[in-house]
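We just call them A, B and C in the order they show up, numbering each chain from 1.
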Amino acid sequence: MLYLSLLVGLPVAALISLSADSTAWSAVYHDAHTRTVLEFTFAVSLAVAVLNSITGVALAWVLVRDDFPGKRIVNALIDLPFALPTIVAGLVLLTLYGPTKPVGLNVAGTRVGVLFALLFVSLPFVVRAVQPVLLTLEREVEDAAACLGAKQWTIFWRIILPAIRPAALTGATLAFARVMGEFGSVVLISGNIPRTEIASQVIFNDVENGAPAQAAVVGIILLGTALVVFVLLGLLMRRWTRHG
Amino acid sequence: MSIQCQNVSKSFGDFHALQDVTVEIDSGQLTAVLGPSGGGKSTLLRIIAGLETADSGTVLIEGQDVTHVLARDRGIGFVFQHYAAFTHMTVWENVAFGLKIQKTPKEKIRGRVNDLLNLVHLDGLAKRYPSELSGGQRQRMALARALAVEPGLLLLDEPFGALDVKVRQELRDWLRRLHDEVHTTTIFVTHDQEEAMEIADQIIVINAGRVEQAGTPDTLYDRPANQFVMGFLGPVTQLGDRMVRPHDIRVSTQPEAGAQEAVVDRLTSLGFETRIVARPTNNGSPVTVQLTRNQINELNLQVGSRVYLSTYPTAQQVSMPA
Amino acid sequence: MGRYALRYGVLAYLSMLLVVPVGMIAYRTFQHGVSPVWDALSSDSATSAIKLSLLIAAIAVPINVVFGIATGWLLARRKMPVPWLVNAIINLPFAMSPVIIGLAVFQLYGRTGWIGQYLFDHQIPVLFTWKAMVIATVFISLPFVVREVVPVLEEIGTDQEQAAEVLGATALQGFFRVTLPAIRWAVVYGTILTVARALGEYGAVNLVSSNIVGQGLTLPLYVDNRVNQLDPTSAYSAGLLLAVISLIILVGMTTLSGRRHRTAEETTA
């Protein structure tokens, strides 16, 4: 326990004490660039969470209910973004969607490029949260609904979606938190343009520019947001489990 | 080894698992600790084993105070309800574990493990893993493992509780025969009175953290100390202000001095015996009586028959509390 | 028909986001044959990056494995004073941005930091050396082993440990002969995840590194450095090396996760 508190507790305490500096807070507050970046970070994280919920549920459904050759490989590939170093993920996306345009698309230095990178690194969260729930959801329930005359879409909306909703939301929240603090995968594709920066890059630049207190303030804002989101998720979960 | 527990108490939070329990177990006996679930019997066994420490009281093994001796130094064998098999070891390695810990020479380990596997009829399965065994085989392996270190005391916690009826009966007979061969002092916990009556030399009845009675199966059955013991060891019914066994009630169709008049409510045939439920005419609670089919025929009993109920002079009865 | 549309839609999305980009990097790397790649990877700056990455992993991983098992055991077997707080601390590195973790380490060991001041007074340089990078790496890869070990320990329960104890095993013998073998696959799985994170970490080590080529760059930092120095061959070579490592890790994860479940069944059976 001493080890834990020394290793994790002390640095975090140091971070908090560093951010306890009113001039740094006001500097961050009055800095238009930082504010834009924070707004963009929250917006793009939210977008990633929403997009991931859709694609993640679709992927999980295909992996559980569908059957095709090579499914096991596809299933293993889902974890690739977790195994691949973030900087390599950035390099990979830069190669394909960068200035050399092998597929006729150059999103380097654009906000779309950042979105791509964030979608890449957060892909597994929703899939891996929803998959086990779908697995335990009995096929028979779906079949029973079909026998009662329900159409595919009705089955999805009425039967499947309510069952996987908590898992999908948990996955999306994890993705949101992860993406909000993402750094390695976006540094290459965002191309050092202020417009495409996200919060972690501001923190990094602040440190490099000798303003660690401001960096700490931005860090605390990110941590606080993540905390609020997780608390909201916890409250929502509690309500759902009470009804379920 | 003889065991004495003196004034042992143990609580888990607000729950008093054992309250001031004193028991004595003689060397070489097969003793059953019998009682309903949650009554504290497993806790008592675990305290004797040293897996749990008593809040107060002392435990003596062979007259020696072992209250503060660690489980591993008590020289006991313990068989867990859910086998506690070492899942990553083969049957052979499981049985050899205790001997390896004691640094027994390899040759000796081999001989002893083979003997034990023979004893528990698992010789052909030595190389299997526990996941490849049936429940009964796993429990026999657990027994062999416990016996390997030649414990002076063998403790079994609901050893057959997780097994199906047929296997349970087999292992029950087997445990009795084993005990007759090796004579290790053995204590087993059970909630099954039939199991206790059938194989134990001595039974300790524990309920709600207290010892209700201790004695031989016959003593407990014939001279129960109280209502609980009487009720737990066999069927009982109420006649007037007494508790009696249904087969100890005498049924007559003629009025008799001291007999209770009643009307037959229901007749249930259970093969060679028949159970009748009779409603006393004084509005007392219904009485269950067990008779043979021949008795029923002789008395010509039917639903609605008027009968007079009394107890046989030899019958066991316990007064009901007012 | 809807099923096929969904299947191929999903597969197309996956290939656009994952498969094609990763294949592309392999193509780009070997575009001009194998020898430039070999040259790029055997250059002084590249070998130094490889060595530094291995050094950091070689220190951080064993630390996290040993303490991860110990912490996991404490969490599963002993009553903790404030369990939710301990849990929160363990999971914190997952919830924090790597840059923030880097900043926290930077602040603590910097010249004005609580520990940094002492180190500075005694002329022990930590920040901007490999030591600070090890600290940041240990921090960031802390949760993996703990999180794998705790559920397995809870599932197998204490029966086997008690059985060992009654058979005369000391607590240590019981742990090494019974508990550890029972949780071995969870430990291996957690270790693989820890290795992946330790080798691939970028943001946290970036902030506490000197970023001097041939001295303060790990493989991921080296990739970034080469991209910025417009040296694509070196960047792709190092990137591909990391990608191959992560593919190996992925294969390990996939084979092991099956085995983890099997052990879980064995223990409950």
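The working rule: a contact is a pair of C-beta atoms (placed from the backbone, for glycine too) under 8 Å apart; a residue touches a chain by one contact, two chains touch by 3 or more.
This one's a predicted model, so the numbers in the text were calculated from it and none came from an experiment.
Shared contact partners of chain B and chain C are absent. Of all chains shown, C has the CA centroid lying nearest to the centroid of every protein CA atom. Taking the mean Cα position of each chain as its centre, A sits at the greatest distance from chain B.
Separating the CA-averaged centres of chain B and chain C is a span of 54 Å.
The distance from the centre of chain A to the centre of chain C, each centre being the mean of the chain's C-alpha atoms, comes to 19 Å.
Work out the mean CA point of chain A and of chain B, and you get 58 Å between them.
Against chain A, in their complex, chain C makes its touches with residues 2-3, 6-7, 9-11, 13-14, 17-22, 24-25, 28, 67, 71, 74, 86, 89-90, 92-93, 95-101, 103-108, 110, 113-115, 135, 138-139, 142, 196, 199-203, 206-207, 219-221, 223-224, 227, 235-236, 239, 242-243, 246-247, 249-251, 253-254. Those residues of chain C whose C-beta lies close enough to touch chain B in the complex are 156, 159-160, 162-170, 173, 177-178, 181-182, 184, 263, 265-267, 269.
Within the complex formed with chain C, the chain A residues making contact are 1, 3-5, 7-12, 14-15, 18, 55, 58-59, 61-62, 66, 68, 74-77, 79-88, 91-97, 102-103, 116, 119-120, 123, 152, 177, 180-184, 187-188, 199-200, 203-204, 207, 212, 215-216, 219, 222-223, 226, 230.
Against chain C, the residues of chain B that register as touching in their complex are 49-51, 70-73, 76-78, 80, 82-89, 97-98, 101-102, 129-131, 142, 145-146, 148-149.
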